[in-house]
Structures are given as structure tokens and as C-alpha cells.
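These notes open a run of structures that come right after.
Same chain, two partners: chain A is paired with chain B first, then with chain C.
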Partner chain A sequence: MQEGRDLFNKATKRSWLFLILVFLLILPHFLENEPYLLHVFIMTFVYISLAQAWNLIGGYAGQLSFANNAFFAIGAYTSTMLLIHIGLTPWLGLFAGITIAAFIAYLLGVHLFHLKGHYFAVATIAFAEILKLVFLNWRSVGAAYGLSLPLKMPSLYFIMWRSKIPYYYLFLLVAIVSTVLICILDQSKAGMYLRSIKQDEEGSEHKGIDTKYYKLIAFMINAGICALIGTFYAQYVLYIDPRSTMDIMISTKCILVVLFGGLGTVAGPVLGAAILVPLGEYTRIKLGGGGQGWDYIVYGFIILAILMYQPSGVYVILRSFKTNVWKILRG
Partner chain B sequence: MSGRSFEAKSLTKRFGGLTALDDVSVHVNEAEIVGLIGPNGSGKTTLFNCATGYLKPDKGKIFLKRIDITGKSPHRIIQEGVSRTFQITRVFPQLTVMENMLISISHKDESKIRAVYKRNHGHEIAKALELLEFVGISELSSEPGGELSYGQQKLLELASALMQDPSVVLLDEPTAGVNPTLINKIIDRIVDANRKFGVTFFVIEHNMDVIMSISMRMYALAAGRIIAEGDPEKVRGNPDVLESYLGGD
Partner chain C sequence: MDLAYFVQAITNGILIGGLYALIAIGLSLIWGVMEIVNFAHGEYLMAAAFFSYLFWAHLGVDPLISLPLAVIVFLFIGFATQKFVMKRLMDSPTLITIAATFALSLILRYGFFVVFKPDYRVIRDTTLRGSLHTGPISIPVAKLFTLIIAVITIILLFSFLKYTKKGKAIRATAQDREVAQSLGVNVEQIFLLTWGLGISCVAVAGIMLSTFYYVFPLMGVTFVLIAFASVTLGGFGSVHGAVFGGLVIGIIQQLGGAYASPALKDVFVFLAFILVLMFKPMGFFGKY
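And then the complex of A and B:
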């Protein structure tokens, strides 16, 4: 009986996922004349990936990192500089970005992981802010003016298109890939070790787990995913500057999305981004006008409500909702 | 006489002006259960902390099966074959009982790259179940560790300490805070593990009845020094031991 129900649940889950995927695949053809809506979808995919990356270091390993924006910018700047100066395809540029970001994450991790909790958070904020200051004053990377990407023939080779639709598919793919990646890690031994480290690092060390190694791996994968999205993002907006790519709100938003959706779950970041990003865009249009910030105020209230009602996030709310419906249906 | 599993040679550890361990030498032979007694603050847990690399001794050496492990980091020492349980249980509350067992596998020959995408082997899960059955909590294997009673957590810690086929298991007060019925069960499991699987134990315990009934040899520690060692009955009867427990001068 129990088995039958589980199978049924798994099957329905799969068919739901399949339906959503088909919907997302055919959707752009109805939105050809709605570039703004496409943009909202693209940004949602961007934040699904960025939040999944943060989920790994924050949700699983329990390290409150605020360096997502820094890694994101490193990816964006690396591939863009390579494209401007030697005309290198961003497909190769992104590997350079990932490598540099992962290497910096390694250096940061080695030196900062002995800091616990808030201290680690503050140190990563400091790193991201210093990086921003450097880029704001560094002439050869455009300083505060930023960099405009050279326009190339629209092609897959240069990841440049006139329409938003190809970008839509690109970012959809990235969101799926990063989610699958986290899914694999969630089920792996390393995923289990990271969860144990989050609960009791010293205790994990006393189980013979090389806690430093697994935290470093998590941080480096986190950095790599951020850099990858940074590259694609630069190709999408065609202009990058320190203020837009190194804004600390990028990191904050990643964390909010994960907290909102469900910390340390695979579905959490997906749900969180799918709800918060469109909501943020909507409130910015409806309440904006007078400047930025309204979306953040709305975010703030939502987060408060979630923390008061169900600190484990929307994912848990939905899951218990499902169980309740199941109970009612069975009488 | 079988070989030595664990040995500490003239270990000294100071905290500022306080000498917590003063030239302490102890050893545990293979398949032996050795007791360690002493009043509060005599340095018993400090000895364990030095043995697992959590504290660095100021002087002296620690050997595991005659291999020098002094100064290695805790996870390395655990990987070499030292398992440890804590005075106050240290079960991972949000991991299931099974996961608590699986993180305790031997990490010595584990590929850390493959761990990123691989799950546990079937034989590791089977072994975990076997040990959970051995301590009698296999029906709880999918419960979160935090849902277990304190006594069950003690049993889980004991079972997880056996997961990696350790050279020696350091038990820090295995029966502290546990009701009498369960105390008997825990003693039973320790003795059983020793007889059936030849597991070596080094046990800190305040409960005299417990330590007398399980240990084959015993050390008594007071103010950082070994004041008596050998046959449990003799150690208990030693005047220095009586004095340090009942309070002399």
C-alpha cells in the first residue's frame, strides 16, 4: 500500500515536471511580441541558477556567503574582456571565468573558512565590496563606465541574438542543468556530509570527514555556477559595469530566494525564484516610479511572514498542503 | 600477549598554568576493554581530546597500532582507526539514524571526488543495518536522529563508532544520564562487541559498578597523573584512589 502510494507520487511528480517543461518550451512562441515578459522569465531562470549555487554553500554546507555577486561579476568580466581584446568566443571565455572564480573561491575558502557564522558572512561581504571598489577604479576594465560588448553577427558562436527567445532557451537550460547538478549532489555522499557539517562541524570532523575539503568543493562549485551565469548574463545585456554586476543585492536576493523557497532543498530555489522574481518585477512596475526599492520592501514583508509562519520555506508549506489534500481525498 | 592498539607515551598538556595531563602513559592492547577512572577535572576527557587530535599535547606521543599519530588533525586520526563517542551525545539531529551511521563509514580509502556524485554502496547500508540491529534500534533507521531518546542516541553513537572497524573505540561515559535498564543494555552491547568482533575499547566511566563489570584492566587518573593501574579490583582498593575520590587532605 505504502509502496503503491510512493510510486504513484513519483509518477505524478514526473508527469507534472514533464508538463511544466513542455509548457516552458512552447511558451516563447506565444510571447514573441512580449519582450518584457520574456525578460521576466529570463531573470527568473537566472535567479534559479544563482540561488541553486548559493543553496549549495548556504543551504547544504551552512556557510553564509555573500560573495555570489563577486563570482557572477568575475564570470561576466572575464569572458567579456576576452571577447573584446582577442575576440574569443564566450563559450571558451566562460571556462576561463569559471576557472578564475573557482580558484578565487579556493583561496577565499582556505583563508576564511575558519571564521564561523556571521564572521564568515562579513568577510565575504568585505571581499565583494573590495572587488567592486577595485573594478570601479580600474581603467583597463572600464572602471565606473563599464564595458560594452562588441556587437558581432548574431550567432550561437558569439552567444548574441537579436531576439530574446534564444536567450530564453539558453537560460532555461542553465537553470535546469544547475538544478540537476544540485539534485545529484543532494543524493550523493558529499551532500550528506555537507548537511552533517552544517549541523555540527566539529562532530563531523570526529566522524573522519574532511570538512575543509567538502566546504571548499561546495564553495568552488558555487563560484563556478555563478561565473557561468555571469558570462551568459553579460552576453544577454551586452553591457556590464561594477554597479550592476557587483551589487550586493544580487547576493542578498539569492539568499532571500533560497530562504523563501526552502533552505537546503532542491525544489526550494526553483520555487523561491519562480515566485519572488516575477513578484519583484511586478511591484517595481506598479509601485516603482519614485525610484527603486519598493520591490525590496515587499520582499522584506514576505520574508517576515514566511519566517513567522513556516521558517522552512514555501516548499515545506506546499508539501504539507499536498499531504493534507491527500488526507481529505482519502476521507 | 597480543599487540598494542593504542598507546600514549608521557603525554603532557598544559592550559596556561594548569597542568591537565602530567607525563601520562597509558596503553590499550588489542581486543581489550580498559577503564579510565578519576574524579572530575582529573584530565580524563583531556586525554581523549589529545588522543583524537582535538587538542595538541605539549609533550609526548600517541601511537595507533605502533604508528605515530601525534599532531595529526582529528579527521585524519579518526580515519586511521580511532572512533570516539562523547560525554553528551553528539547525534546529528536532522540526519536520519541511517545517515548518522553512513557518515561514520571509514573515510580512509574513500574517493573524495567520487563522493560528490556517488551514493553509498549497498554493503555500507547493509553493514549499518546490521549494527543498528546489534544495538536494537534498526526499526528507527529512517527517523531523524533528534527524535531519539537520550538512551537511544547513546546506542546510536555506539553503533556508529563501530561502523569503520576501528582499531580502538574511545567511549566517554557511555552510560551517563541513562536509566538503569538501558545501562545494562549498553554494557551488554559493549561486552558483546568486544567478545564477538574483538573490538578494543578504552572507556571513561564514573559509574563504578559499570566500569568494574566491563574492564579487564584499569587506570586511575587524579590531577593529571596516573596514580594506579592494573587489575580493576586492585585499582579500586588502592589507597591513593580512595583518597582522591573521597577527598584527602
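And then the complex of A and C:
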């Protein structure tokens, strides 16, 4: 009986996922004249992927990293510099960016993983700030003026299009791939090891888990995903500068999205981004009056409320809601 | 090497270091007692600077006169923070409290941003204007006064923690919450008091800062990172360490600015800080 219900649930879950996917795939054709709505969807996909990346290091491995914005910017700057100076396709620039970001994550991890939670958090903030200050004053990467991407023939080869629709599919793909990646990891041995490290690092070490190795791998994958999104983001907005790509708010938003949705779960970051990003955009348009600020105030109140009343996140609320409905339906 | 230039840089470092120490002790105290990293600390600093600016701009009150008033008002703001927000989160993991104080900082920062717009404001013609000159060294009166007020505040806080009954209870709670509780310390009340004191200290810093620095809604970010570096350098939870960290950070920053590049002065602060953490993972005086 129990097994039968689980199977049923799994099957409904699959068909729901399938329906949502089909919906997302055909949606752009109805939004051709709504570039702003497309932009909201694209930003949601960007934050799903960035939040999944952070989920890996923060949610599974339990390391409070604030360096997502740094890796994101490394990806954006590497491919952009290569495109500007040698006209290299961003598809190759992408790998350069991922390699550099993962290498820096490796160096940071080797030297900083022995720090306790809050010390590690502050150290990663310091690293991201150093990078931002250096880039703000570094002439050859555009300093505070930033870099404009050279306009090439719209094509897949240069990842440049006039319409937003191809970008929509690109970022949707990235969001799906990063979520699937976390899903595979969640089921794998490595995922189990990471969770065990988060719960009790010393204990895991005694059980023979190479804690440092798994944390490093998680951190490097996190950095790689961020760099990848950084490259695509630069191709999408066609202009990057330190203030927009290295803003600490990028890291913070990832963390808030994961916490809001549910820390260390596959669905959490997806739910979190799907609710928070459109909400932020909406409040900015409705209440902003041209300026910024309202979206962050709304974020602040929502996050505070969820942390105070249900710190496990929306995912848990939805799950308990589902069980309750099930109970009522069964009488 | 010009000696006067060097002495001037060191002097600037000590002057600003006193302010950093004052921001950092509140942060360190709150961590020491409750193991909460207050990411909203810079926003309280900003709010206090606005407090001073608004009194000056609308009522013509000198910042030095609004200072004692601010201490009392922010003591209660600190109480309120604990009572209405942090109380529910006392036993949560580090990540949750960091996120909660960050959410608080977003609300405060962008609340001021929406109300006052991102403009920079300046307080002019207070009692603290001009500079003192001793030989080739010049010392702005406002900064000198800030250092003096910072030293007085720090001494007052230390004496409070060391000699009064409540202060001893705070230290006992920081050392071991359960034991303190079993000895009859009202821990809830100590948490309230700690938030109050921590926020009052940063309010003093905010008021003094407003006498020589711009007042604007996003100012907290800059200072909170420096304060984090100071606290971490000294070691989280060590109030003496925070004072030491603040001074060291101030001097490193000003020397870096004087000899390398003013635009990159904070890079030296963060680099020095990461290097220290690599070799001393809990800062110089940290217990946890």
C-alpha cells in the first residue's frame, strides 16, 4: 500500500515536471512582444543556476561562501576579454573562465577551508572585495568604465542574438542542467559524504571520508557553474563592469534564494528563485518609481519572516501542505 | 623616505583606527555573547549618522549635543532588535543568523534609500571644524575628537564589563551560557543588554563619523566590511582584540593609501586580513 502510493506520487511528480517543462518550452512564442517578461524569466533562470551552485557548497557542504559574485565576474571577464582581443568564440572563452574560476576556488579552498564558518564567510567576502577593488582600478580590463562587448554577426557561434528568445532557451537549458547536476549529486555517494561533512566534519574524517577533497570538489564545481553563467550573462547584457558583476548582492541573493526555498534540497533553489526573482522585479516596477530599493526591502521582510517562522524554507511548507491535503482527501 | 609623510600616515591610521575599533567592539560583543555575526551593523552606523544629520539640518543641533541622545535612542533600538527579531533565532545555526541580520540590513539600508534617496549629505560648520598643526603634521579637529570620544567610550565599556554586576553577568554568559543561567543570571535580559550596548557603541561611531564624512544610505557597506576585518583580525568574541584589530586595520589602510595607491587602500586591508587568517585561523585573540 505504502509503496503503491509512493509510486503514484513519483509518477504524478514526473508528469507535473513534464507539463511545466512543456509550458516553459512553448512560452516564449507567446511573449515575443513582451521583452520585459522574457527578461524576468531569464533572470529567474540565471538565479536558479547560481543558487544551485551555491546550494552545492553552502547547502550540501555547509561552507558559507560569499564568493559567487567573484566567480561569476571571472567567467564574464575572461570570455569577454578573449572575445575583444583575439575574437575567440565565447564557447571556448567559457572553458577558459571555468578553468580560472575553478583554479582560484582550489587555491581559496586549500588555504581557507580550515577556518570556521563565520571566519570563512568573512574571508570570502574579503576575497570578492579585493577582486572588485582591483578591477575597478585596472585600466586594461576597463576599470570602473567596464567593457562593452564587440557586436558580431548574430549567431550561435558568438552567442549573440537580436531577440531575447534564444537567450531564454540558453538560460533555461543552463538552469535545467545545473538542477539535474545537483539532483544526481544528491543521490550519489559524494552527496552523502558532503551532507555528513556538514553535520559533523570531525566525525566524517574519522569514518575515513577525505573531507578536504570533497569540499574542494564542491567549491570548484560551484565556481565553475558561476563562471559559466557569468560568460552567458555577459553575452546577454553585452556590457560588464565591476559594480554590476561583482556586487556582493549577487552572492547574497543566491544565499537568500536557497534559504528561502530550502537549504540542501534539489527543489529549494528552483522554488526560491521562481518566487523571489519575479517578486523582486515586480515590486521594483510597481513601487520603485524609477528608482531601486523596494525590491530589496521586500526581500528583507520575506526572508526575515521565513527564517523566524519556518527556517527550513518554502519547500518544507509546500511538502507539509501536500501531506495535509492528502490527509483531508483520504478523510 | 620622508619622515613627516610617514608620521602623517601613521597619525591618520590611528585617528581612523579609533573609529574602526568603536564599530568593531559592538560587533565583537554581540558575537561573544550570542554567537551572532551582525551583518546589519553598518546599517545602524548609517542610521546614527542620519540621526545626527537630521538633527543638524532641521533643528540646528550640533552632533556633539545629539550624541548623548543618540546613545539612549540606539540602546532601545538595540533592545528592540533582540526582542522582536533575534530572540526567535537565538539557537539557530550560523547561516540562519547571518541571513537574518543580512535581511535586517537590507530593510534598513533600502528603507533609508527609499526615504532619503541615494544622495550624499554633509554636515558643515559644527564646533569641530578646522585642523591642528604640529610642525608638518596636520590633524583635523573632527577626527581628533572622534578618537577621544572613541577612547572614552571604549574605556567606559571595558569598565562596565569589568566592574559592574551586569557587566560580569555579560562576561559569564559569554563564557558559558548554561553555567551562567544555572547561577541565576537572567540570560534573556543579558542578550537584550548586549544588543543595546553593541548598538549604542556603533551609534557613537555613526554620530562622530557624520562630523567629517558624507552621510548616505549605502555608507554602512564600506564600514561593515572594515569592521569585520577588524573583528576577525582580533578574533571574534574578544573585545580587546576588536580594539587592537581596529587600530591595526586603520594603520594598514592609511599606510597602503599613502605609499601605494589611495584607490587600493582597502585591498591592503583585506589582503593583510586573509594572510593573517591563513596562519592564525582565529585571529590574534579569538577563542572560537
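Everything below uses one rule, namely that the second predicted complex is superposed on the first by the 330 of 331 C-alpha atoms of A that agree within 3 Å, B and C clash if a C-alpha of one lies under 4 Å from a C-alpha of the other, contacts with A are read in each partner's own complex, and residues count from 1 in each chain.
Please note the rule applied: contacts are C-beta pairs under 8 Å (C-beta built on N, C-alpha and C of every residue); 3 or more make two chains touch, one makes a residue touch a chain.
The structure displayed is predicted, hence computed values, not measured ones.
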item: Chain A: partner with more touched residues, chain B or chain C; value: C
item: First, second, both or neither for A:P311, with chain B first and chain C second; value: second
item: Chain B versus chain C as contact partner of A:E34, first or second or both or neither; value: neither
item: Contacts of A:I184 with chain B and chain C, given as first, second, both or neither; value: first
item: Partner chain in contact with A:I303 - chain B first, chain C second, else both or neither; value: second
item: Which superposed partner A:T211 touches (first chain B, second chain C, both, neither); value: first
item: Touching partner for A:S196 - first (chain B), second (chain C), both, neither; value: first
item: Residues on chain B engaged by chain A in the complex (per definition of touch); value: 52, 54, 73-75, 78-79, 84, 90, 92-95, 99, 102-104, 106-108, 110, 112, 115-120, 160, 164
item: Chain A to chain C touching residues, read off their complex; value: 58, 62, 64, 111-112, 114-119, 121-123, 125-127, 129-130, 133-134, 136-137, 248, 252, 255-256, 259, 263, 291-294, 296-297, 299-301, 303-304, 307-309, 311
item: Residues of chain A defined as touching chain B within the complex; value: 184-185, 187-190, 192-193, 195-196, 199-200, 202-211, 213-214, 217
item: Touching residues on chain C, where the partner in the complex is chain A; value: 31, 37, 85, 88-89, 92, 94-96, 98-100, 102-107, 109-111, 113-114, 117, 221, 225, 228-229, 232, 236, 261, 263-264, 266-267, 270-271, 273-274, 277-278, 281-283, 288
